[in-house]
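After this come two complexes, each holding chain A, first together with chain B and then together with chain C.
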Partner chain A sequence: MKVGVPNSFCYAGMENFFIRVIPEVLEDSQIIFSGKTTKEMVEYGLKNSCDELCIPAKIFIGHVEYLIRKKNVDVLFIPRLVSILPGTYSCPKIIGIPDVVKANYFGIEFVIPEINLRNNRKIKLINTQLYNFLTPKIADTKNILVLAHSYVIFDEFLNKGVLETLKNAGYNPIYPTCYYLDSYYIFSDLPKELFWSSARDIYYYFEWTVNNTQVDGVVYLMTFGCGIDSILQELIMRRCNKMGLPYLCLTVDEHCADVGIQTRIEAYLDMIEWRSSRDEKNYLPAHG
Partner chain B sequence: MRKITFPHMGNLFLIAKALFEELGFEVVVPPYNNKSTLEIGKKLSPEFICLPFKLNMGNFIQAIEMGADTIVIFGGCGPCRFGYYGALEKEILKDLGYDVEIIVIEPLFYGFRNFLKQVSKIFARKNVASILKRVYRLAKKVDEIEKKVHFLRPREMVKGSVDKIYERFRKEALEVCGIDQMERLVDTTNVLFDNLYIVNEKVRKIGIVGEIYTIIDSFSSLNIEKILGEMGCEVERNLYISQWIDTHLIYPIFKMKNPIVKRFSKDVMPVLIGGHARETISYARYFSTQNYDGILHIFPLTCMPEIIAKSVLNGIKNRINIPLLHIVIDEVDSDVGIKTRLEAFLDLIEARSEKFERGVLSWD
Partner chain C sequence: MKEEFFLGIDIGSVSTNVVLIDINGEVIESMYFRTQGKPIEILQKSLCTLYEKYGDSLKIKGVGTTGSGRHLASLVVGADIVKNEITAHAKAAIFFVPDVRTVIEIGGQDSKIILIKDKIVIDFAMNTICAAGTGSFLDRQAERLNIPIENFGPIAINSKNPVRIAGRCAVFAESDMIHKQQLGHPCEDILFGLCLALARNYLTNLAKGKKLESPILFQGGVAANIAMKKAFEQLLGVQIIVPKYYNVMGAIGIALLAKESTKGLITKFKGFENLHKCRFETKGFECHDCSNFCEIVCFYSNGNLVARWGDKCQKYSSNRNHHIENSKNL
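After this line comes the complex of A and B, so read on.
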């Protein structure tokens, strides 16, 4: 039996978890991953999904379509990630995406187990087993904090090579990976605890790096139509303004070009360089 | 004495005003949602946040200018963005330098003590149970009025008379004080409605489903109900304020669920994904079995749960087999654009019913 697993969107980075779990659930199964995002998948996704969905979810639909059309899978394995951290929820789109796929594709079988750790305060270990990402190395100087959901940071199509651009310019990009920190125990000065798992992760990583390492600037990679980003971006922007950290927010969607993004990154880096070459505390810019 | 204010949501101000006055506070009702409310809110809010947040911000600023010093809002524990409204609004108002107290009534998930602490600031008087009971009865009555308006609009003999009575009711509601007077006003309005002459014309029935704020608040839904009523359609919604109280405050006490939601969402959306996505889907399916001519699905741009609901409805549209129009409300929508779309939609329904009479099943 061919079990298809689309590994993008919220399932990116869960490959090891799937390899471990699927043989326990389904007997004599052959696991097929959809792999990296290709142009073909993006086109499938844009064609088959509803307009208002955020771009990672659209690409996810493309992955599903690719698995069904090109790989002839019999079963699709898409767990419903209601909550992956105690006391939190996933984004509504992540919770509801199995229903969307189920309603739109007939003639294929679905296995939709539910992962819900919301009220389970004892299980902490499972978080570290759920996702496997490469954690970034933090350098002594010239760190740029890139904030985004991990499915944006690890998807070449979505991040438009921002990490590469930063590296080529001589900076060291650092980014939050899922559960890099045990964020449940970190103190923050938010007015209210964020109740989305990924938002908590991103915000606490921001809080931690800004306080404990030397960060030159913050880049927020926002996907168009992402509900979590619209709030999180605002909170982080306000914090950065108060601290005087250079801050850049980039909105990526299916139409934006790589070059445009890179130009803005370069201008931003120039600004940081120019700023550090002066005494920034006492210098007032001439243009207000 | 505190001067309390709260955000607008359709006729919610009638109920909230009566409640707070009964509890002994002075109430500042912000002006009805209008263009300038949205203009103010747009400037202060994050760019991609949903429309209700922007209108809320506008309401608060306008109310503060009128002298309010306390804001009461509900909180939430996710996954919909509404749960973080209060906290973010607090942050924004603080940065703007306004000196107001914001009371966010959080659900019990964040601890009973926290809940009591916030609630005791407003309910610091005896007799609370009886007041709440009367407020609930008032909410039911106000919703009855709204249902009556929807029923009478396409059937009235003198065009515009329903709206005249309704506008006067909303205007006078700002002047009366307390639950008793409000209830009397509701009763007199009811009598006025009962004495209207109606004609028996052929009326189409349209069901409205979608996100709670945009379908209850007539400004943000661009008066869709009124436009449809004038075009000769009776409108039925899936959500009313009293129904919200039922599903979120009354049913959980008795561990009950809305029977329609329970029945129609079992196979397409078995778990709650936040907001009212489940209600949207199940009521859309319910309306399709109940002799309705069409369904409108209304939600603000970037609303997370409703986008999922739309995607699921797209998938099952062949199964429910009823004309379905999605309307995404943005801050730049115009009435004329909406009117054109609704006209086209009604034309489609008309054409479809003629085809049915001639025995043609579908054009697909």
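After this line comes the complex of A and C, so read on.
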């Protein structure tokens, strides 16, 4: 039995988890991952999803379509990630995505187990077992903090080569890796904890890095149509302005040309270099 | 003329600008052409014009390219520096007005805001996908009303009672304009209403949350429109400076950057002679080696393949990267 696993969106980085879990649930199964996002998948996704969805969710639907059309899978394994961190919820689009897919495809079997840790305060480490991402190495200088959901950071189509560009320019990009952050929570000085787990992930990592490491600048990769990003971006922008950190917000969507992104990144790095050639602490942004 | 000169080339979506500056940064020659979708031809033509005018006495010590066609232009002329247009515009603005705090730049298809403090860029923003409020849109509307774009500003500035037009979206702005014109509003009121709408759109989209300090510089092709200047002044309540070379500021900036970067180095400029003779060609194809279907562009000079780009996997483009790395190392 061929079991298809679309490993994009919130399921990116969960490969080890799937390899561990699926044989326990489904006997005689052969796991097929959809792999890296390609232009073909993006086109499938755009064609088959409604326009209110965010870009990562649309691309996820592209991955599903690819598995069904090109890989002829018998079963789709899409867990419902209601809550993957005690005390929080996942984004509603993440919770609902199995249903979106199920309502669209017939003649194929779905296995949708539920993962809900909302009230389970005992299990703390399950998150690190869900996701396996390579954590970035923090260098002594020239760190650029790239903030985005993990499924954007690790998707070469969605990140538009921003990480590569930063590396080629001699900077060290660092970024949050999913739900690894229990120990960072104490650093937050927000009056109220953030509700969504991915928002916590990003915000606490931001707080921790700017307070504990040498960060030259912050780049926020916002995905088009993401509700969490729209709030978090503003929050982080205000913090950056207060601290005088160079900040850049890039919105990524289904555009395949990356020239606009490249121009902004280049100008941004020029700005950082220009500033660091002087004593930057005295040159706070004019607004804020 | 046996002095040393620096060349700045700005290839944008709508215009191609070439500027010649001397060692002190004085502008010797500035040229403004419409790109008309043929950047290479226009660039060759403009450089030939320059050569015919000054001949062999023109000693180029450095060349820089900027604008959306900067990589292409750098391959054609052999540039010493390839920089983005934001840095170039900021450079030129600081050169002409050292205490400048804000730069409003509106070009053919994009608009930018650059905030500067103590001669350093501290923040910038560029318009996203929407082109409402840029030169192309003004061009189109002028054409629709059958008004030459040069007369747009002088007509609009006479307006006593500008109409309210929604400037959030170019398409809706147009339907709003048509509605106002069918109600019988005079032309100048509609035109100035449009200018106000575009300035409002610019301020809400780009300047969102940023504090615009004086002195404010207004540059780019749209700065030619005096009504746009007036609209910004009305909305911001301060004087706005339009520099003398407003339409070629990007090219001046990159020429200044070329001057700085080639200090003590030999230029990579291919020379006017060679340029004149060279035949440049681009061919494109879609690669089907994987499901990304990248569109590859091949660049030929006199029939020889010089560079290729557009691929995600770098299979074809290693050649081109090599070239750009070289120019960066300078």
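Criterion: the second predicted complex is superposed on the first by the 275 of 288 C-alpha atoms of A that agree within 3 Å, B and C clash if a C-alpha of one lies under 4 Å from a C-alpha of the other, contacts with A are read in each partner's own complex, and residues count from 1 in each chain.
One rule holds for everything that comes next: a contact is a pair of C-beta atoms (placed from the backbone, for glycine too) under 8 Å apart; a residue touches a chain by one contact, two chains touch by 3 or more.
What you see is a predicted model; the values in this text were computed from it and never measured.
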{"item": "Clash or fit (per the criteria above) of chain B with chain C on chain A", "value": "fit"}
{"item": "Partner with the higher number of touched chain A residues, chain C or chain B", "value": "B"}
{"item": "Spatial angle chain C-chain A-chain B, Cα centroids [nearest 10 degrees]", "value": "90"}
{"item": "Which of chain B and chain C A:K93 touches, first, second, both or neither", "value": "first"}
{"item": "Touched partner set for A:G107, first chain B, second chain C, both or neither", "value": "neither"}
{"item": "Contacts of A:G170 with chain B and chain C, given as first, second, both or neither", "value": "neither"}
{"item": "Partner chain in contact with A:W274 - chain B first, chain C second, else both or neither", "value": "second"}
{"item": "Partner chain(s) touched by A:G227 [first = chain B, second = chain C, both, neither]", "value": "first"}
{"item": "Shortest CA-CA distance between chain B and chain C [superposed frame, angstrom]", "value": "7"}
{"item": "Touching residues (chain side chain A, partner chain C) in the complex", "value": "38-41, 156, 237, 246-247, 251, 253, 255, 259-260, 263-264, 266-268, 270-271, 274-275, 278, 283-287"}
{"item": "Chain B contact footprint on chain A (complex, rising order)", "value": "49-50, 52-53, 80, 82, 88-93, 95-97, 99-100, 102-104, 114, 190-192, 194-196, 222, 224-231, 233-235, 238"}
{"item": "Footprint of chain A on chain C - complex, ascending", "value": "68, 83-87, 101, 115, 117-118, 120-124, 126, 128-129, 209-211, 213, 290-294, 312"}
{"item": "List of chain B residues in touch with chain A within their complex", "value": "46-50, 75, 77-81, 83-84, 86-88, 90-91, 95, 104, 268-269, 271, 273-275, 277, 301-305, 307-308, 310-312, 314-316, 328"}
